[in-house]
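Both of the next two complexes hold chain A, though its partner changes from chain B to chain C.
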Partner chain A sequence: MRRETKIGLYIFLAPVLMWLLLLIVVPHIDLFIMSLRGEDDLGEAIWTLDNYHSFFSERIYWLTFARTATYALLVTLLTFLITFPVAFYITKVVHRRYSAFLTILLLMPFWVSELVRVYGWMILLRESGVINHLLLGMGLLEQPVELLYNDVSMVMGLVYTSMLFMAVPLISSLEGMDDNLIEAAHDLGASKLTIFLRIVIPYAAPGITSGAIVVFMLTLGNYLTPNLMGGKNSLWFTEQIYNQFIASFNWNQGAAFGFLLLLLSSLIIWAGLRLSRQDLGRALT
Partner chain B sequence: MDVVLEIRELVRRFDTMVAVDNVSLEVQEGSFFSILGPSGCGKTTLLRMIAGFQEPTSGVIRIRGKDMRGIPPNRRPVNLVFQNLALFPMMDVAGNIAFGLKRKRLAAAEIGRRVESILERVGLADYGAKQVGQLSGGQKQRVAIARALVLEPSILLLDEPLGALDLKLREQMKIELKKLQSEVGTTFIYITHDQSEALVMSDRVAVMNAGRLEQVGPPRALYDSPASCFVAGFVGESNQFPAQIEEQEEKQIRVRTDTGLQLQATPMQPMERPECRLFIRPESIILQPEESLSGINRFTLQVKTILFDGSNTKVLATVGESEREIMVSLPQNRQFAHIGPGDRITAGVYIDACRCYPVHA
Partner chain C sequence: MKKTVLRASIVLLALAASSTSMAQETLRLLTWTGYAPKVLVEKFEKETGIKVELTYSNNEEMIAKLRATRGAGFDLAQPSQDRISAVQAKYKIYQPMDYRKIDASQFISSMLTAVQDNTKVGSDSFAAPFCYGTSGLIVNKAKARNAKDYDALLDPKYTGRISYRLKRPTLIALAFSNDYDPFASYSDPKAYKVLMEKVGDRLISGKPLVKNYYANGDALLELMRSGEVHVALGWDNGGWKLHDENPDIDFVAPKSGALGWIDTFAIPAKSKNVEGAYKWINFMLKPENAAYFTNQEKYGTASKGANEFLDESIRDNFTRSFSAADIDNIKWYPPVPAKLEQIEGKILDRVKASR
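And now, the complex of A and B:
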């Protein structure tokens, strides 16, 4: 009997294990080996840590990473600040009958691909775009202004792209919250702010944590939005990796950058979990 | 005794529906007061207005003489124990109880002392560090009550807090709550649809129906002399018959029930029309009454079934030609232990135990 259940377990686990092995583990081992390879002065292939060393010795590389990580944190924070009131409104303020409808309305833009949505923003924001056209027409502007290709527009685009991944866990964790908890806290003498800080936020904490992790990781690894909306001055770390692989044909360097991105972002999330005293296991269930 | 809560001509409307309709009542300091009514009678709305979650459409609520209009729930000297308890799942037991004290900005040492003393009072000493999820239903109950009581409110409101417990635990909690109330001396206002909870625990009970108060009084008064047709039917068990008045004297009427039974009965309210409703409690029907008794209606019962339930055993029987069954309590002295289905037995009921109320169309 025991043996049979074990075989059953393996059968069901096999596709997942295969998927992990073939698409995640094997390529990463290959990338890892690649990141440790280099050439000596004679052009011979050798084992070396040079690729990792150059990340720290060349200011441009680690500055790009620091910039990317800072902006990713900022995007995560902004996404949370914008999405939380929306999620709270949908789950607690509006009548239950409308909350499903509003949720769908919120998710609808995400049925369209990210590329199309980014182009939507570009149509609105570019020099000859809709907003400039309107402002000129109303006489508020004399010359069209370039609203695209700066950090502000890039962060806005990233926040917009990330909202879905914050909204879903927030809505689902707030939905499970008993309204009576809010009333009970109010009855026990808490002001609205205290209720929010001591009851609502702690209750939604697992949802906030999982939303924040997903948004942070996706933003850090995003290529499309920074590339299209950020312009030349808004260098994103993924663009560095892309440059190494495609522009410089330096696959070893690119592989090392990829590994560093994985390591450093995991480190940031670990630190974040420790600081907020959240548990990864609880956040993901 | 002082009046802790005074309600005057309170009305609450929702759109076209009137949830609370012109309610006035007074609650004495330190008493256990119940509001009893079927679901949807407006008792929860009344409670929420006292707690401050809803504002009355009109009327006045005064607590210790102070008008409560416009005062939010967090500034009212009342605390509410919710129907589903609403314990905070992200805090341990001590955290739940300390929540209200922290809002009062008491010193940490003082908070710790009060939390411990209230936990001891409700019999949960050493439970402070437990998570809410680790507690049993009865323990959660006590934590919820402790969380409200620790703030020393003028009035503790309880919204059917025993509803979610199983029967045995409910019986036990009834007694515990009553005991706790007399120990702490806080005024309890207890909302329930369960008449036995209200009767067992309360000093006074207000019976509510369709937004109005039908009767306010001590449990025995409600049971012995119900003021209205609704109270007679809702409080305690009764055999009910639609009936017609055949003859009317000053303090006594002669009625014929729809089953054809003719009885002398007592009118509880002025009878303006011949239609009325007759109530007879199961325990007021006497089996084999002695010949010498006077002021009694006599009839013969045809026993159908015995519903054995220990001290609450009942006989289902029919009278005359009708198939309608009436319930009769069986005395506990085993005098009638031999009765079985199919037996015929004489029975009687005192005229003043046959209560008649006018029927409102």
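And now, the complex of A and C:
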């Protein structure tokens, strides 16, 4: 009997394992090998660590990475600050009857693709766009102002594209919270701030952690939004990888950058988990 | 129960059989936006029964896509003629073109010979011409009457009203306007690097003047159309399209020479429909089809007999933007040797990262 279940398990597990192996593990090994290859002065293929070395020796490469990571952290923080009140309102303040409806309203914009949403923002923000048109019409502006193509508009676009991934885990973790906990704290004389910091936040912590990880990774790996909304100063690290692969034909360098992105972002997340004393396993369940 | 299962499986089998017998011959075309107008695709499908699948791309992505599959996945590609020989020598992604299978009488013969020469690797050539055009300035003359050469892109007079792509044509154009000839140092990577670094420095110091580095042709048209940009580096056909909408905007052949390119047909190494590819080439070069394409998209055509089918406005566009001297001054791209892309890539990254 036990043996049979084991065989059954393997049969059902096989497609998943094949998927992981063929579509994730094998390509990564290939990419890793590629990142260790290079050419010597005569154009012969050799094994080398040059591709990794050039990341640290060329200032613009690691500066771009540092910039990208900093902005990704900022976006994660802003997304949390904006989404948390919304999630709290939906789960705790509004009547239960409406909370499902409000959640769906929140999800609605994400039924269209990211590209369409970004173009929507561009139509709103550009110099000849909707917002400028309105402000001019109301006489608040004399001259149209360029609202697009700067870091602020880029961060806003990134926050907007990743809000969903923060909202859903927050809502689900706050939903499980017993309202009596808050009431009891009130009865015992706790202030609103204390309740928020010592009851609500710790309870929502796994949701916050998993939301933050997803938002951080998605922002770090985003290509479209920084490229379209960011303008002339918005060199994002993914664009750097794209340029190596596509414009410079240097796949080896691009592969090395890809691995460095994977490694460094994992490192940042690990550090974040250690600092906030959160457990990855608990956050993901 | 058993009977229904049996019946269902018979139906399924029948469906599978019919879908394979109905499987149509397809031609997977890797091309640029606008190079396969819908009307012509439908006409071709009707004439030959071959279904055309389109994938839009640009030079760099075409090469990357074909390189990733070692020349599989597409039956016909349309790279620029200067981006073929070095790539072919290194990655072997195309197959030699069989010039007996294309109707040479339909081509402007000097152009066919030039492309054959420029795409030669060993004893084989790899491409046939499709269309040509130039890059130069697109100018809103109501706002920037005096923009006559590439250095207008670095002119503080137009601060915030300038746009170009951060791609190699920009580097090359600005080198020409500085009285260098970048094509002359193509064969000397070291000299080329020194030259391009100078151009890169100029781009960095000119960065505060730029509104935005546009990402594609549509974005450029929108920037010009809305009046947000007055001077841009762009393609002649884009300028002429805008001229139709707004007579103030036009293409200007720069004083130091418009950059001339020819886009081609090349057959990927693992094309599954080589015959269909040749059919498409011959179809697109037929005078009336080529003329339709040119009237629609305003690119010059490599088809010999197309002239008599062209709209009057096409000729007007050309004579308005190009004097006889401008035509002589067009700098045609020679084949790009390997390695230059990496030099350029690094400089362009530096420009984008600078503050």
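List of remarks:
To be clear about the criterion, the second predicted complex is superposed on the first by the 285 of 285 C-alpha atoms of A that agree within 3 Å, B and C clash if a C-alpha of one lies under 4 Å from a C-alpha of the other, contacts with A are read in each partner's own complex, and residues count from 1 in each chain.
Simple rule for what comes next: contacts are C-beta pairs under 8 Å (C-beta built on N, C-alpha and C of every residue); 3 or more make two chains touch, one makes a residue touch a chain.
Every value quoted in this text rests on a predicted model; they were computed, and no experiment measured them.
By the touch criterion defined above, A:I199 lies against chain B but remains apart from chain C after alignment on the C-alpha atoms of chain A. Between chain B and chain C, C touches the greater number of residues of chain A. By the document's definition of touching, of the two partners only chain C reaches A:L228; chain B does not. Residue contacts after overlaying the shared chain place A:E127 against chain C, while chain B stays out of touching range.
When the two complexes are overlaid on their common chain A, residue A:N243 makes contact with chain C while staying clear of chain B.
With both structures placed on the common chain, the touch criterion links A:D178 to chain B but leaves chain C unconnected. When both complexes are overlaid on chain A, the residue A:L188 reaches chain B alone and has no touch with chain C. Once the two complexes are overlaid on the shared chain, A:I60 sits against chain C while remaining clear of chain B.
Counting contacts by the rule stated earlier, no residue of chain A appears in both its interface with chain B and its interface with chain C.
The touching residues of chain C, when paired with chain A in their complex, are 60-61, 63-64, 67, 160, 167, 207, 210-213, 215, 226-228, 341-342, 344-346, 348-350, 352-353, 355. Considering their complex, residues 178, 180-181, 183-191, 194, 198-199, 202-203, 205 of chain A touch chain B. Contact residues of chain B toward chain A in the complex are 51-53, 72-75, 78-80, 82-84, 86, 88-90, 99-100, 103-104, 147-148, 151. Chain A makes touch with chain C in their complex at residues 60, 63-64, 126-128, 146, 149, 227-228, 231-233, 235, 239-240, 243-250.
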